[in-house]
Structure formats: C-alpha cells, structure tokens
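Look for subunit A in each of the two complexes below; its partner is subunit B in the first and subunit C in the second.
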Partner chain A sequence: MTAVVDLPVAERRPRNRSSAIWAAFAVPGVGWLIAFFVVSVYAVTAVAFGAVDPLLKTAQPQWNPFAWDFDAMSRIVDRVLHGDLGQVFARTGAYIALALGGCILIGYPVAYFAARVVKRRRGLLMAALVLPFWISYLMRMLAWTNLLQPDGYVNKVLRFLHLMDEPRNWLNGDSYTVVIGLIYGYVPFFILPLFASLERLDGRLIEAGRDLGASAFQTFRRVTLPLSVPGLMAASVITILPMAGDYYTNTYLTSGSPKTTMVGNQIEFFLQRSSQPQSGASLVLLLMACLFVLMMYYLVITIRQQRAAER
Partner chain B sequence: MKPTTTRRVAKRRFPTLAVLTWLYVLWSLLPVLIAARISLNDGRSRSTFQPMSFRWYWGDHQSSVWYDDSLQTSMANTVKLALLCMLIATPLGVAMAIGLQRWRGRISNAANGLMLLPIVTPEIVFGVAFFFVFSQVYTGFPSGLTRMLLGHITFTLSFVVVIVRARLAAIGTQYEEAARDLGASRLQAIRLVLLPLLAPAIFASVMVVFATSVDDFVISSFLSSGAATETVPIKIYSGARAGSTPALNALATVMLVLTLLAVTLAACLARWANKRGGSASGATAGFAGLTG
Partner chain C sequence: MRSSRRDFLARSAQLGVALGAGVPLLQSCADNGKKSVNNKTIADGLEPEKGPLRIVNYDSYVNPDVLADFEAKYGVKTELTTIFSDTEVVTKIASGAIKVDVQHSMANTSIGNMIAGGLLQPLNKSYIPNFANVISNFNDPFYDPGAKYSVPYTFFGTGIGYRTDRIDPADVEAQGWDTIWNATDFAGEVSVLDDEREALVMAMMRRGLFDVNTVDPEVINQALADITELIDLVSVKVNIEAYKDIPEGTTSIAQTWSADLIASAAGYLPEGVSNDVLGFWHPPAGEYVVTNDSMGVLADAEHPVLAHLYLNYLLDNDVSEKNFTWVGYLPALSKLDADYLINAGYVPEHLRNCVPTQEEIDNGLVFKQLDVDGEALYEEAWSKFNAGG
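Coming up: the complex of A and B.
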C-alpha cells in the first residue's frame, strides 16, 4: 500500500510533512462524523443504559459507562426471547429472506443481461436501471397503493385473467403485499452492485468453460455462478441492511396494520407514538447487534477493494 | 481456441434473458407512470383512470398542489434541504476523500473505517440517534429544518467520499507530481490539476447527494417539528393514511418531473463541459462507483 519504504531519506522528510497536510484535508469531515455520527450513536447507548424520568417519561441518558443500568435492555431481550417481540423479529427475518429471494430471482438475470449480454440499446437499459433512484421511494410505494386498492388495476387484471373471483383487499395487513413492496422498493439497490461485479468478471473463463465442452447451463453453474458469489454477497448485504430497519414500506402498504409489524415499526412505535425512549434505544442496539456481522462484512470487502484499487 | 465457438458465443442473443430484463424494466416503471396518470384524474379516484384535467395541479382551489399551502411548503423545504445539503456535504466530502487517500497511518485507517460506517448503518438508526442527540446534547441547534439539514449532511457525506476516492485511485498521483515538478505548489497542483480531473466524480456525488436528500424520509421524519418543516416524502407518507385525493399523486409527479429535469440539465452541462476537455462519466458511473 505504501510506497514510502524504499525511498531515500532525503525524500522521505517532505512526505512526512505532507502527511500533516493531508490529515488537515480530512479533519473537517472526520470531525463532522465524530460530532454527529459517533456522538449520536453513543447517545443511543447512553439512553438505552440510562434512566427514565418517572413523571415526564423522558430519557435521562447515562454517559458514564461505569454507571450503566442494563435493566431496560434485559427486559427487551426477555421480550424478544420469551415474549411478544420474538414474533416481530421472526417476521422481520422472514420478510427479509423472502424479499431477498425475490431480489435474487429478478435481479440476477437482469444484472447478468445488462452486464454481459446486451449490445443494442445498452445505454437505454442502463438509464432504465438507474431511473428508479431518481424516483422518490415513497412515490414508488404510493404508486402501489393506487394499484392495490380494492377497485385498483391489480384486482382488475387478476379477475380478468380469472385468477381470482372476488376482489382482494391487499392493503389491509397482507404479508404478500409487504414482501412485494419490499422487492419492488429494493431490487434496484440489488441490481446495481451485482451489475458492477458481473461486468468485471473475466469473460475468458466463461469462454474456456464452453471450449472445454461444458453446455451453456453447465458453464453457468460451474463457472459463472461461483465467480459471481462475491458480487451476490455484496449486493445482498447492501439490500438486507436497509430492509432490516425499514418501517415505512409496510406501514404505508398495510395502513399500519399490526399483523405485519417489523422491528423498525416497533422502534418507531416506542419513540414516536408512545413515550418509551429507553425501550426504543435498546431495540436499536439489539438490531445493530443482529446486523453487526453483515455490517463488518461489507466494511471489510470495501476496504479490500479500496486497497486493490490503489495498488 | 476454435473460431466457430467464439462466433457462436458472440452470436447468441439470450432471447429469454432479454425478454425478462425488459419485462423487469416495464414492471419497475409502469406503476409510477400509472400513478402519474392518476394525478391527472378529474375526479377523486386514486385507483382508476378518469377523464383528464389539471384539477389536482391547479384547478381545485382548495386542495390542488398550487393552492394547498402545506404541499407548497413541503416542496420548498425539500428543495431547500437538498440544495444546502449538496453545498455543504460535497466540499466536505471531497476534501475528506483527498485527505484520507493520501494521509497514511493507523489514525487514517481508523478514520477511513469510521467514514464507511454510515453507509452500512440502517437509516432508522440514524433517525433514532439524531432524535436523541439533538434532544439531549446539541439542544442549541434550532429544531426543524436546521437539525434535518445536519442529519442529511451526516447521512450523505460518506457517499461523496466513496465516489471521489474511487476516482482518485484511478487518477493516481503522476499528474500532480508532474505539476509539482513543473513548479506548481501543492495547493496549485490540487486546484489546477486534481480538481478538474475529479470533476466527473464531484458531479456524480452532487447528484447522489441531491437524490438521497430529496428521497430521505426516515431522518426527516424523526427530526421534523410540525407542519412547517414537513418535506415531500413526509407529506406523501402521512397523506396516504388520511382519506386523500390525487393531489398527493400530483405532488409526487411534480417532484419527479423537477428531479428528472434537474438531472437531465446537469447531465447536459456535464457533457458540454466534457467536450471542453477531461472525461465525464455521469450518474451511472457514480452509482456504480458507490455500490461496487
């Protein structure tokens, strides 16, 4: 990574001084992140392990780690392991798994086609794949609330095709609706990183597979697919993380029905619709603990890519 | 290698894949087009097409986008936040990217890890964390738009750094070294050589910051303080619960058209600047750099 090692001493000195200059470039941004990101996340911890004003129900954060009180957290953990919150976590996991499965089924062929096959209208396809990023997420969900109304076009099409006899009320706490909404919302975030990694894949290996007598399917299964695992992992992680904290998609698509409550809804409920800041903060920490491995995985692969790019 | 094989591989068109892909494109955009068409309904239906009019844009004197003050306020707030966020997060992020790229050592590595953390942090964590930090620690910042702006900047800063760093790594140091050999000072080399080379990445970051800020719902919602500080996403979110009208669709459509116009204009500007030297890549490369 560093090229300093084999330089003569005379040249090394100005580099050291320049290091201070480069540090000065980074300081405002780093300071900003410490002030607003690190302190903020620490505030969540301090609230979770602090106390609650008995009358006002407001949080009284405990900033000193040696005086932390873990009662609220253990109550939440207990509710997750033995109580009502366990179901919420299980449901969140199931929705994420189904939505991720959908993203892979839809996203992989699309990313593969865009990265390795398409020749004509490539620019148009790229624009179409990026376009959802410019459309507000909530507008895309609004569009589905229009389509899924009892007299909306989804019911009309399904009845026209005789797939359904009676109009279905999709927007009343239906798990299918939430999963479809999650897939629709997050599949663009899945496709782009996968596209980027499939595009970098060495085409000569695929050609070699075909030359050595493998069928198209065999080549895909034994060459392309294994080579695209890192890209698939990265794309999955980058979709799972925001989905795990999502609460607006299902609230929006189910009119806030409790039948589809996810972890995010529970956090939002604790903080915005009832005064239980400590429970909310504890649940946030718990959620982060569940996601820790995925977060670190993404961090490590990103740092590796940075180093590879700079070598 | 047999030449026939290559020709066969090159010739294959994968018709199923092509159909699947374009079906996906249709599926991803059609609902939005339908929502935009519903905004032109003359009646109150939010589910079926009715005869067209601009009732929900300006025809209705109470609840159309033009006459409903709360909808106008939300649009002004959204645009204001996005522009300010762009103006602050981009220079901060560009400087940070240059600094982190060249500053070596353990502290720098730690700072780099810190910079990447916000990207993998779910938005709800940001929302809750800002909610607590502004009510417990930074109580001096006025509530509402100021706090929302600080939140948006913190959330988007790392995107700028990642995009710009990818470009920095591709540029290398030789251009700057050449400038230094020819007598430029370090800051001159950055200003006259490095920044122009970084222009496409800076341009891509500006667009990503803009899109992220305009799109943000969670952070705004946790920091918003009443009707005067609502943004368009908050308005769309809260509007759907109450029995609403196609005015909501009209609001979303206006924002969509404004965003697409801004993006197109920016892309044209970039192309125009590109013709006068340098190389630009635009939004696609920006997103690809961000996500891979």
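Coming up: the complex of A and C.
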C-alpha cells in the first residue's frame, strides 16, 4: 500500500480506474446473489413465519420480522426433535452418506484414471463421463425402474450369475435401491470437480515420494490422497447439496413408499400439495441450517489448507 | 491487499443493492391478488377470440386428438399446462403463477373456494347447449349450486383394483377394505392412493365410519394408525399409478379409482395378457365414494368465449366418447352409460362395476371442502404416514 501512495498521482489514476473496472465485474454475481439468494431466503423465511389465505390456501408471507408467527416452525421442530420427522432427517442423512461413499468408491478411481493415467484421448473419456447428462435425470430414473422390476435385467443378471435364487423386488421400498439411484444420478457431478483437482496435482511431488523410497501405495496414501482432499471436499459438497433436496429419485424408484421418504418429499408435500406452505418453508429453513453447518465445516477446512499452503 | 479486497466487495455490494433487485421481487411476492366473488358473465352471441386457448390440466387427462380437432374446428391453437395436484393448481392460479383460460379438472373440494375467491367466472350457458347432455345429478351439484361456474368433466368411484389371477374375486368381495390389510402375501405389490382424504377415509370406512368429511382428531388419528400398519404389513406403496401398475403386474392390489381399471383394460396390458386379469371391487351404494372432476373458465381468462366453446365441445357426446377412449375416465354424460360403453366395446363386461350406477351416484358419499384447520388435520396425518409412521 505504501508503495502505491508514494507513486506520482498520474501513475495512480489508471490503477484506480482498473480496480473500479475489476469491481464492476463482480456486479452481476452480487446482483444475482442478492436477487436469488438473499431475497429468496428472506422470502422463504417470510412464508415460514407468515400465514395462509384461508380461502385459496396461498401463502401470505409476513415481511415484518416483528410480526412473525413461529407456530408452524415450532411444530415442525418438535416433530424433528421428538417425532416422525427426526427419522426422515436421519434417513436422508444416511442415504446421502451411503451415496457419497459410493460416489467416492466409484468416482475417485475414475477421476484418478482420467486425470493421471490417460495421456491420449482424455477429452473423449471426459465426454463419455458427461454423456449421461444428455439424458434427462427423470428419464434415467424411469429406465432404472424397468431394470429393477422383478422380471427386469438386474434380477436376470444376478440369477444368471447365481448370486440370487429368487428375484428380488428392488422397487419394494428398498433403501438400497434409493442409494443406488442417488449414486447413479450424482456420480458425474462428483467425478468432474475431482478430475479437475487431480489433474492439477503436481506430479513432481509423487515422483519425490517414490524417489524417497515410498511404495506406490505409500505414495498414494501419504502424498496423492492428502493432496486430493480439497478436490474430494469440493466434489462432496457439489453432490451433497442437491442430494439433500432430492425427492424424485425415491419417488420413482420405490413408487412412493413411506419407508424411503426423504426431507425433500416432505417439503414437496407441504409446499405443493397442502394448505400449509409455512410448514414446507420451515422444513426448507431447517434443511438449510443443517447444510449451512456442513458448508461452514467445508470453508474452515479449505481456509486451513490454503493457509498451510501459503506458509 | 486485504483492505482493497474489502473495498472491492463493499463497492460491488453497493452496486448490487443499487440495482434494486430485491424491492420489486418482495412487492410481487406480497401481492396475493385479493379478489371477491365474480358475478360478471360474458354477453350472448360474441365472436370467439383468435386464441390461443390456454388450458391447465393433469398430464394425460385429455385426448390430444380432441385438442387437435378443436383447433381445426375453430382455427385456433391450444396451449396445455400440466399440474400434479389440485392444491398446486389453485395456489398457482391464485398467485398468478399460471395464467390460463380453462381449468380442465377441478376437484369438488376446491370449486367452492375458487368461486368465493373470485377465481372463476359464471358461465353463460347460451354458449354451452351441450350441457343438456350431462347426467342430471350434475345439474345442481353440492359444490356449485345450479352449476353456475362449472360443468362436470369426468366421474368415478373409489374402490380396490386387483389382479384376478393372483387373488380370488370372492375373497375380495368377502373382505372388502380388509383385503388391503390382509394382503401380507403381496408385500410390495399393494398401493393406496396418494391423497390424504381418500387414504385416511378408507381406513375409517374399514371401521364402519362413513362420515367422510369428519374433522374429529380422534377418528383421523385412528385412521393414521391404521394406514401406518400397512407400511410393515404389506410394504405399502403410495401413488396414483395403479392404472398401469396393475396391468403391468407390479401391483396386485390397490386402492384406486374405478376409471383406472377401464384405462388399464384399454391400453396398459402387456401383449398377450387378457383383460380378464383385471378386477374391481367397491363398497355398496351409500358407502361408496363417488366423485367427479369439473371444468371452469377463469375469471381473468383472456379468451372467455373460446373457453366457453371448449367446454361445450367437451360435452358433445361424440367428442366425449372420443376423449373417453383415450383417457379412460367416464364422461358425466347420460348417453355414455354402462350399457353404451360395454356395447361399444370400451369397457369389458366384467368391469361393468367400474361405471357407477344411477343408484350409486344418487347415494354416493362425497368429499366436501374443509376449512384450513380441518385440512391441516388430514395433511398432518398424511405427512406423518409418509414419514414412515
């Protein structure tokens, strides 16, 4: 800063102008955040603590915080802490954890292979990974319902391989089916950011590890894996967030079984099909609070790693 | 460096706020369009507008060929918006999220509120001479006295659809609603309607309670406990897909609407499977919920004359018959009774009971609209059931 102050005025001006131009670059982003995050979250809050039109059942948001009505929120919180909605949150968390585990098991080797092993035709491989995005998510889930039917190909293959005697009804409110669906649906979201992170990994560090006598596994465990933690974290965040709000994967794959209801289903019910939008908005806020804790954890880890790298 | 970044963010935030993005959004959200009952009817003898005619309806609930025929006849385009639930469409119309001319499928439980809320316009029947074709019960329905704001579209009863090749029809007849609770051999192949009133009332009727509009918390909680048993007993599914799941074989027993079985027979059986595998049971007249969907013209319709002509078109016997062959839901027209539909080959004789008789319509139990507190009781119970009990 002192160096800038010491410069002649004529030299300072262009720098100030350019910093204003750079600041202007952030305007669309900030405008977007205000319109579609700050205002939207406040609107959801106003609905959660507002009323409902007794005739048409439309939400009547309460914009004045001093007139907020906390009834719906306290009912929902009570159901989360002491009743049935607690198990819905726990179930949603368990599905996400299992699906994330599946994404790591499947996605990490694929991303590593694409980023570090493949030298030629890497673009082709990445195109292949993105290919499922060309088909609508719902279409892909509907395809799974055909595959998982009692006389579907999944059962046929499992029986052909003698892994199963009787055909299993995978669509019978089966939690595994929902987890499989979530993994299938979200694994490309997991692979892409991880690939980008692994590709930037400094190869000389791995070579150094090997040169210093570490085995391939030791090098992976002590060099590659720690260096890929930021990528893993980013990929996890990108997959966890949409999974937390998912409500169609289980709806399609278990024909609406109450055994597999996720938080998203309850939000959808209250907001789209009930006369209690306040309850739906309260659930949205609670889910956001849970995700906010996760995001804070992610930010703390990322900042710590950044500081460690700067040292 | 740190201070310059802070400056940068502060300046950007100031610019963003200066855009004023939040204010108009908040104002638009606050506008809930307060209205009162609409008494303005369109004048007689007006020329139809040029269109396009905007319609809101459930998916697959009107024959696309019927829409195409209407377009050809009046030289206009139609635009169809699809919705998932009655509550959703009322909310979206009331908030202005969707703007249409015709609400194609209004539930009895919402028409009264739509009228009181000024969302519908009174119909000018001079544009709808085909209203004379309607079954007389719908000339003066409980939800719209004098049928001033609505005309009936389809009607149907609630019962049990099942596979006759898997369960003996005599057993279903003997057990009635208990069939669903006793279907432990068919775990994972049993479903109930994804509708809180239908499903909870079924549990009440199983216990011999026929006040289908009760708001007694004890009765509703008992019904909740009863349907919650189905989660463990039969791994119950909750959907409105029985029309295809029963013929395809993924569901063996389902609480469903009578029209679903007609649709199943018409178009969802796998090749080589006879419609004999489809069966339907319903409670006797007086204990049988018979309900209907209705069409109406919205108060702020941009093409109200065309909308009236559309309603008239759908009530034409031939058009309605063509629509029925694709939709499978019974038109509320007196000519298209069970005998006519069976003789024409649209309904198999063994599914005759899917067409409610005059006695069943006369004595049908009907869902009436509840106040917000009453609805909340059902919705709360439904949310708890869907959470897993």
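Operating definition for what follows: the second predicted complex is superposed on the first by the 245 of 311 C-alpha atoms of A that agree within 3 Å, B and C clash if a C-alpha of one lies under 4 Å from a C-alpha of the other, contacts with A are read in each partner's own complex, and residues count from 1 in each chain.
What we mean here is this: a contact is a pair of C-beta atoms (placed from the backbone, for glycine too) under 8 Å apart; a residue touches a chain by one contact, two chains touch by 3 or more.
These numbers were taken from a predicted model, which means no experiment stands behind them.
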Query raised in the report: Looking at the overlay, what does A:276 touch: subunit B (first), subunit C (second), both, or neither?
Result: second
Query raised in the report: Who does A:128 touch here: subunit B (first), subunit C (second), both, or neither?
Result: first
Report task. Using the touch definition from the top, say if A:210 reaches subunit B (first), subunit C (second), both or neither. Result -> first
Query raised in the report: Looking at the overlay, what does A:106 touch: subunit B (first), subunit C (second), both, or neither?
Result: first
Query raised in the report: For subunit A, which side has the bigger count of touched residues, subunit B or subunit C?
Result: B
Query raised in the report: Between subunit B (first) and subunit C (second), which does A:256 come into contact with in this model arrangement: first, second, both, or neither?
Result: both
Query raised in the report: If you stack the two complexes on chain A, which partner ends up touching A:225: first (subunit B), second (subunit C), both, or neither?
Result: neither
Requested in this report: Would you sort A:33 into first (subunit B), second (subunit C), both or neither based on which partner it touches?
Outcome: both
Report task. Name the contact category of A:24: first (subunit B only), second (subunit C only), both, or neither. Result -> both
Requested in this report: Go through the superposed model and pick first if A:43 touches only subunit B, second if only subunit C, both, or neither.
Outcome: both
Query raised in the report: Which subunit A residues come up in both lists, the one for subunit B and the one for subunit C?
Result: 1, 19, 22-24, 26-27, 29-30, 33-34, 38-39, 43, 46, 61, 149-150, 255-256, 272, 277
Report task. Would you mind writing out the residues of subunit B in touch with subunit A in their complex? Result -> 1-2, 5-6, 9, 12-14, 17-18, 20-21, 24-25, 27-29, 31-32, 34-35, 38, 46-48, 92-93, 95-96, 98-105, 107-108, 111-126, 128-133, 135-137, 150-151, 153-154, 157-158, 161-162, 165-166, 169-170, 186, 211, 214-215, 217-218, 221-222, 232-233, 236-237, 240-241, 248-249, 252-253, 255-256, 259-260, 263, 283-284, 287-288, 291-292
**Report entry** subunit B-facing residues of subunit A, complex
**Finding:** 1-2, 4, 18-19, 21-30, 32-34, 36-41, 43-44, 46-47, 59, 61, 106, 109-110, 112-114, 117-118, 125-140, 142-147, 149-153, 184, 187-189, 192-193, 195-197, 200, 207, 210-211, 216, 231, 234, 237-238, 241-242, 244-248, 252, 255-256, 264, 267-268, 271-272, 277, 280-281, 284, 287-288, 291, 294-295, 298-299, 302-303, 305-306, 309-310
Requested in this report: Enumerate the contact residues on subunit C facing subunit A in the complex.
Outcome: 3-4, 7-9, 11-13, 15-17, 19, 21-22, 25-26, 29-30, 32, 84-85, 87-88, 90-91, 94-95, 113-114, 116-117, 119, 187-189, 191, 194, 231, 235-239, 241, 245, 250-251, 371-372, 375-376, 379-380, 382-389
Query raised in the report: In the complex of these two chains, what residues of subunit A are touching subunit C?
Result: 1, 19-20, 22-24, 26-27, 29-31, 33-35, 38-39, 42-43, 46, 52-58, 60-61, 63, 79, 83-85, 87-88, 91, 149-150, 169, 171-173, 254-259, 261, 265-266, 269-270, 272-277, 279
